[in-house]
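Here come two complexes built around subunit A, the first alongside subunit B, the second alongside subunit C.
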Partner chain A sequence: MSASLRYDAVVVGAGVAGLTAATRLAESGARVCVLAKGVGSTHLAPGTVDVLGYTPDRVEHPAAALPEFIAAHSDHPYALIGTDAIAPALQWFAARIERGPRPGYRYTGDLDRNHLLPTAVGAIRPSALVPETMAAGDARSTAPVCVVGLRVLRDFHATLCAGNIRRAGIDARAVEVEIDVGRVEANAVGLARRFDDESFRAAFVARLALLLRPGERVALPAILGLRDPHGAWSDVQRRLGRDVFEIPTLPPSAPGMRVYNALLAALRAAGGRLVLGAEVTDVEREGDRVTAVRAATSGHDTIYRAGWIVLATGGFGSGAIELGSDWAASEMILGLPLQGMPMPGEARFAADYFAHQPMAAVGVAVDSSLRARETDNVYVAGAALPGAVPWREGSGEGIALATGHFAAQAVLEREGATATA
Partner chain B sequence: MIDDLFHEALRSSLDHCVKCTICETACPVSNVTPLFPGPKYAGPQAERYRALGQSQDESSVDYCSGCGLCTMACPQGVKIAELNAHARHTVKQRTGISLRDRLIARPTVVGRLGTPVAPIANAMLQARPARVLAERVLGIHRDAPLPRFAGRRFRTWARHRQAPGTGTKIVYFHGCGTEYYEPDVGEKVVAVLEHNGFRVEIPEQDCCGLPLQSNGLFEDARKYVLRLARSLAPHARDGTLIVGNATSCTLMVKREGREILGLEHDPDLALVSRQMYDVCELLLELHGRGELRLDFQPVEEVVAYHAPCQQQGHWIGKPALELLALVPGLDVRELDARCCGIGGTYGLKREKYQIAMDAGADLFDQVEASGARVVACDSETCRWQIEHATRRPSVHPIEFLHQAYRL
Partner chain C sequence: MLSADALVIGGGATGAGVAWDAALRGLDVVLVERGDLATGTSGRFHGLLHSGGRYAVKDPAAADECVRENGVVRDVAADCVEDTGGLFVTTPFDDPAYADRFAAGCRTTGVPCEEIEPAQALREEPRLNPGISRAFRVPDASIDVWKLVWALARGAQDRGARVLPYHEVVAVHRSGDQVHGARVRNARTGTEMDVEAAVTISASGAWAGRIAAMAGIDGVHVMPGRGIMIAMNHRLVNTVVNRCQMPTDGDIIVPIHTVSVIGTTDVPTDDPDDHTVRPEEVDAMLEEGERLVPGFKRARALRVWTGVRPLFEDRKENGGATDTREVTRAHALLDHRERDGVAGFLTITGGKLTTYRLMAQDTVDAACRQLGNARPCTTSTERLPGSEDGEQYRIGERLGRRELRLSDDQLICECELITRRRVEDAIRRRGTSDLDDLRRLLRLGMGPCQGGFCIYRAAGILHGLDGIGTPDANAGLLDYVRERWKGVWPVLYGDQLRQARLDEWIFQGVLDIEHLQ
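Coming up: the complex of A and B.
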């Protein structure tokens, strides 16, 4: 016997796309369960929402650039859902963060203008919606920048970062602060937990203040708190009496975890459920409807019955889509038809790592409502969709958020139509 | 031989590790002490050197509490905690295992010794001089949360109870905590199951071997878990479900025994593993089929709920939360802190007590802030730790269902 539970909707995947779709459905009164093999990419991502950064020239105004981009990429997720679907998703997200468990923490920005923020190596990255704790890093400002490294955080190279910021035309230099955290090495999340502690912040600021020059903005790796990032950031800024901004770090990512925590809190508040560790291995079907998914739980499988399925499992990176040695790509849970496969004889990969990789744009074939082809009730969101090359476009989180939001809308509209009928 | 085979199976999972560090964000121990360098470092990273016989100082793996949150968080399916358990076993084989670890790993021995002399034993366990002595001689921390012997055994009650003759047969796996320390929890589990139409059978059973396994005594642990599997398998063979309330022990039977102890191919354990249910998992499943009795009377109480790590390791979410939500009047506040720190026997040890308390600090703060008078939690060692650290009573979720059914 397998345990069997019943929900209105089952969402597979706990990244931004899955949590957004699930939360939105739960907020509309649906009984929702999110199943995930593990934690999603939030913990690795910078926590910004990049909607469109390069086409391939750097995009300053995404709202203005999107129509042309969509016209040129008719198979892109943004082309399917339309530009009008993006802004509401961003607003929805910003509201969930503001309402979330971290008092005062909020996002800033919109589609009109990208923030231009330094990455961990000091390259300038365009992002539409960013945590307030990062906004002061905008490269349009001419104020000089002091990039602060910590000796215990070996993955953040302040000198390299400052050097590249200088190349972008901003006066920047690096300093290193030594502070005892009781160990020789710490990662960004470990440090972020320390910054939740006011006395630790005070000790840190006391050391840092001595190293600063008048007029400098202070760039810190993104370690300003997990439990109370708004409090930690405001406090450091107040103590230093100048603008302070976070630069996203190599994984693990504190701002990414704040996103996960906020979306999960919103999901729970709406009565939704998350099951971690449960890898979905199979489904049950009736005709073109998927009636249940089977998850490999400890001991026995568990069957989750649902009227609607949202597939937010990611692409090749997460193992949701695999490429076999016979060059056939497969969607691993339902075996859904894929789209965007290079034709026989066409190039599949390019030699240059960061070049356009044709195979990377492969994804689950969907209609304009994001419904998977050959199914009646399976909707797809996020990196499982075809047509995008997020790391070249600077569009990953934007696609995840906007399509997660849109897929929930599509389900709700079908649900509404059913109810009316 | 058996070691080599199962270790290969575990190790094959480490090739999926992309060093993404998600496990590091989940670890409650490396977060509070530099003595444990973190699941990625101690697990997939160090394992590559171990495979070549080049491992350096391995003493740090002993500081892994075995909570398993790293494995659950891993999006690539790497068996991190299981690899670390194996590394711990290897280290302990070399360094030897202390009398203390051999003792606290045998709850049935401790339980049988303590039960007949419960008043004296309990007085001793509360007495400062005795605890100081136990700390010096044995290395059990003087403040560590040791349970009180009930002075009676659950099985004695089970033998004398009037069982209903009808209903769907189900087997109850009660575990050592119920047997020696909390027989009333077992009585309530049986009452709730019977109220829902089950005919509960309670066959002879012993420890599942989990404490032995977590203390690196793999050979002994195998004997225990297989003996348990042999005694439960005849029931499982006819399709009967087995249900337990100790989520760490049921997880041992469901998965850890097979994966960590390399018993994937034992047919009895495979069968029992498949039929094993956590009691809340089973009741929620009944509810999903519309078969759970819903004659709940109001229980006016504010309750904080903490899902233990090894309950989370069932990979079934938090069924207790959904069940408690069915009880009118009950105001349940979910705590999302990761771990209470105790790790079964981990936090009892002199050198690990403070680490365990620090690892649980977030949870204890959340309990404090929740405004709840009582904490519901599925695992007994976690309940004892929570009671110790927060000075609030901590009970199994079944208590509230039992109360709401007015049984």
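Coming up: the complex of A and C.
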């Protein structure tokens, strides 16, 4: 016999969309449980909130570009929820980060103007809302840049990064700092943990200071702390006496993990619960309602009963939607109908990598309230939604955040209507 | 201008084999190849070192050649060969009568063949179709063609040969009845130069007709037979597994390095550079894989590629058959002095990788006859650089070496266990700044992630070594991603689509390479 637990809402998926929906529901007094097979894309993503970066031209002002974008993409998640739903979600997120467990760490920016930040290869990427630790990298500033590499970090190459920043019209050069971390390779998260340590920072800065020229801003890979990024970044900046900014590296991502930590803290502060390692194996239904999900955790099954289900499981990238060798695609938990699949005989992929890829915008079919088709109480948020190509549009976290926020709102409105009735 | 005794056109296994053989006999050799070495047919096959079993019934002459060469190549190119062994199995989908013909064919042609109990075959290869009714053990093996061709080229270079990848022949020089070299264009710089040679050897495989035409010689008709191959993640089998039936589509799975390759189809084409992959070919291949290894379609397909067999038909003598499977797999050496009255020019085409050494021997024998050189061929006993100890490659070697030095060096490619030092050494040794050259040298980016993590790292290392400027590094990165995609998208489903999505997030979401200036 399996244990059975009862919640108001069960959210499946612990990425930005799932944690946002769950936290918002919990903050409104709902009893919420998040079930997740593992952590979401936060640990892979740069940690910026990109709302709209390319249409396909580079977007400088998302608020101004969104109406035309939505008009041209009527099945895009932003078109379903409306542009007015985006700004409140960003504000909600920024407030959760500020209130979070990392004192002083905050995000900066809004929909009016994208930051233009260099990537690890030195391309200039547009982002609406970014960690304070990245903001000084904006390519609109003409101040020269010194990109700092660490030999031990193979996931960030300073010379290539500086070479491309220079091509973008900013005076840039690269230096390498040798610092002993007791091993030949470390990833960004391992180094970020070291940067939480003040004596490590001091030793690093002492070496770096010798290499800098007057007037340069300093670009570091995104390794400035996990436990106290604000403290680490401010400390390095103060010691160097100049602007310092982080550039996201190949995964794993320290800034992304900071987002995860902040949202999880907010969820718990509001009384919500997260069960990691919980793979949904079965569901119970009554008519078009899903009344419970069964999840396997460490060798036993638990049944989670809920009035509302929020599906924030991601798309093909997370395994939530699968394409078989017979070229049929399925949503793996509830078998929900999909939208955007090419018809049999039509091209699934284009031969040119950067061309429009027909499979890219496949997702779970929803109505304009993000409710999954053929269900009464299942709402969908994030990368599981159809109609977007977030990695090309520069819209991933924007969609996750705004639709997670919106799905919670939709549930709360239905709940309110039920309560009133 | 360069001058040499012999100009070899074509840097596949045959051309490199000719250069090695000729250099061992003391000839001064220049080898030119339009792309990188082993990027034509040689670099586009499934990696099988034939036991001869595949030809035992249908083409006894080819089987006989394979039997002999298999033993020689295992010794002289030991480091390139993994002794996987091979099985021919009769599945429920195969004509049961073929097995006896197969066994008889092996006896006649001398292919070492031992029938074993199906239960024994299933113990050795538990993923095989449990319905197999007959099983035969043969000495098939897998061979790393890039390692082989580079070992041949290095050996030739050590004996004075000049090996020039990225040099394309634009004209063959002929005066009257004598060919005396060619004009080549450096594909990277665009500059042209003449190579003067006493004998010019066209080892250009499926492209041999074009080279012959440049020398004003007609009727060298090489009908390219195009076939697709799919690399599956992991070794679904550890033995080469063949269907025991007449050769047909999708009848073999070859375990090589960390993957297994299923092959192949056979479609006549007019253009040897035609790399079209038809969706129905992919579907058919997956179906055939499923028949040999149930569950095959649920395994992860990494990529698909096509190769063209150079199937030779001498149009000077007869009109042509059009089913490319009916054309012999034996090789054809054309001495144009005898055939066309044009001296100083030879064409070697047809054949198969397993017999590259024999093809080279026949060719260099003919060249020596024209040059009056009487030195005998020694390639059947002379071991290649890297294979001096005669030890065959074993899966797990890289991991074994890596484990001894876990704390010494960074891993740049986790899938294929390639360290930073190996990347840097390869860049310096080859003098290349091309990520695709590094891929063939090191297997960089050939594993499950198809370059998602290592290509940025390799581009950064390449750029940091001052080998190339930023625009070239960017172009290399973009070209690599575009090139890999061509082989990925036709087989993109299941977990590999999931992987591709992660790669898209890295390349476009994190790095934004599309918007590099």
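We take it that the second predicted complex is superposed on the first by the 419 of 421 C-alpha atoms of A that agree within 3 Å, B and C clash if a C-alpha of one lies under 4 Å from a C-alpha of the other, contacts with A are read in each partner's own complex, and residues count from 1 in each chain.
Rule of thumb we're sticking to: contacts are C-beta pairs under 8 Å (C-beta built on N, C-alpha and C of every residue); 3 or more make two chains touch, one makes a residue touch a chain.
As the structure is a prediction and not an experimental result, all values here were calculated from the model.
Q: Applying the touch criterion given at the start, work out whether A:Ala203 contacts subunit B, subunit C, both or neither, answering first, second, both or neither.
A: Neither partner.
Q: Please indicate which partner A:Gly40 is in contact with in the superposed arrangement: first for subunit B, second for subunit C, both, or neither.
A: After superposition on chain A, A:Gly40 lies in contact with subunit B alone.
Q: Considering only the touch criterion stated at the top, classify A:Ile179 as touching first (subunit B), second (subunit C), both, or neither.
A: neither
Q: So, does A:His300 touch the first partner subunit B, the second partner subunit C, both, or neither?
A: first
Q: Could you say whether A:Met257 touches subunit B, subunit C, both of them, or neither, answering first, second, both or neither?
A: first
Q: Of subunit B and subunit C, which one contacts the greater number of residues in subunit A?
A: In the superposed model, C touches more residues of subunit A.
Q: Please work out whether A:Leu240 is in contact with subunit B alone, subunit C alone, both, or neither, and reply first, second, both or neither.
A: After superposition on chain A, A:Leu240 lies in contact with neither partner.
Q: Which holds for A:Glu279: it touches subunit B only (first), subunit C only (second), both, or neither?
A: first
Q: Looking at A:Ser318 after the superposition, I want to know if it touches subunit B, subunit C, both of them or none. Which is it: first, second, both, neither?
A: Both partners, subunit B and subunit C.
Q: Using the superposition on chain A described above, determine whether A:Asn187 touches subunit B (first), subunit C (second), both, or neither.
A: first
Q: Residue by residue on subunit A, keep only those touching subunit B in one complex and subunit C in the other, then list them.
A: Shared contact residues on subunit A: 41, 44, 183-184, 251, 318-319.
Q: Of all residues in subunit A, which touch subunit B in the complex?
A: Residues 1, 3-6, 33, 36-41, 43-44, 182-184, 187, 189-190, 193, 251-252, 257, 264-265, 268, 273-279, 295-300, 302, 305, 318-319 of subunit A touch subunit B in their complex.
Q: Spell out the residues on subunit B that touch subunit A in their complex, using ranges where they run on.
A: My answer: residues 20-22, 24-26, 30-31, 34, 71-77, 239, 241, 251, 253-255, 273-277, 281-282, 284-285, 288-289, 312-318, 322, 334, 336.
Q: Using the touch definition from the top, list the residues of subunit A that touch subunit C in their complex.
A: By the definition above, subunit A touches subunit C via 41, 44-46, 54, 58, 119-125, 152, 154-160, 163-164, 166-168, 183-185, 248-251, 315-319, 322-327, 348-354, 359, 390-392, 394, 396.
Q: Spell out the residues on subunit C that touch subunit A in their complex, using ranges where they run on.
A: Those in contact with subunit A are residues 286, 297-298, 301, 407-412, 420, 453, 456-457, 459-461, 463-464, 469-471, 473-474, 477, 481-482, 485-486, 489-490, 492-495, 497-498, 501-502, 504-506, 508-517.
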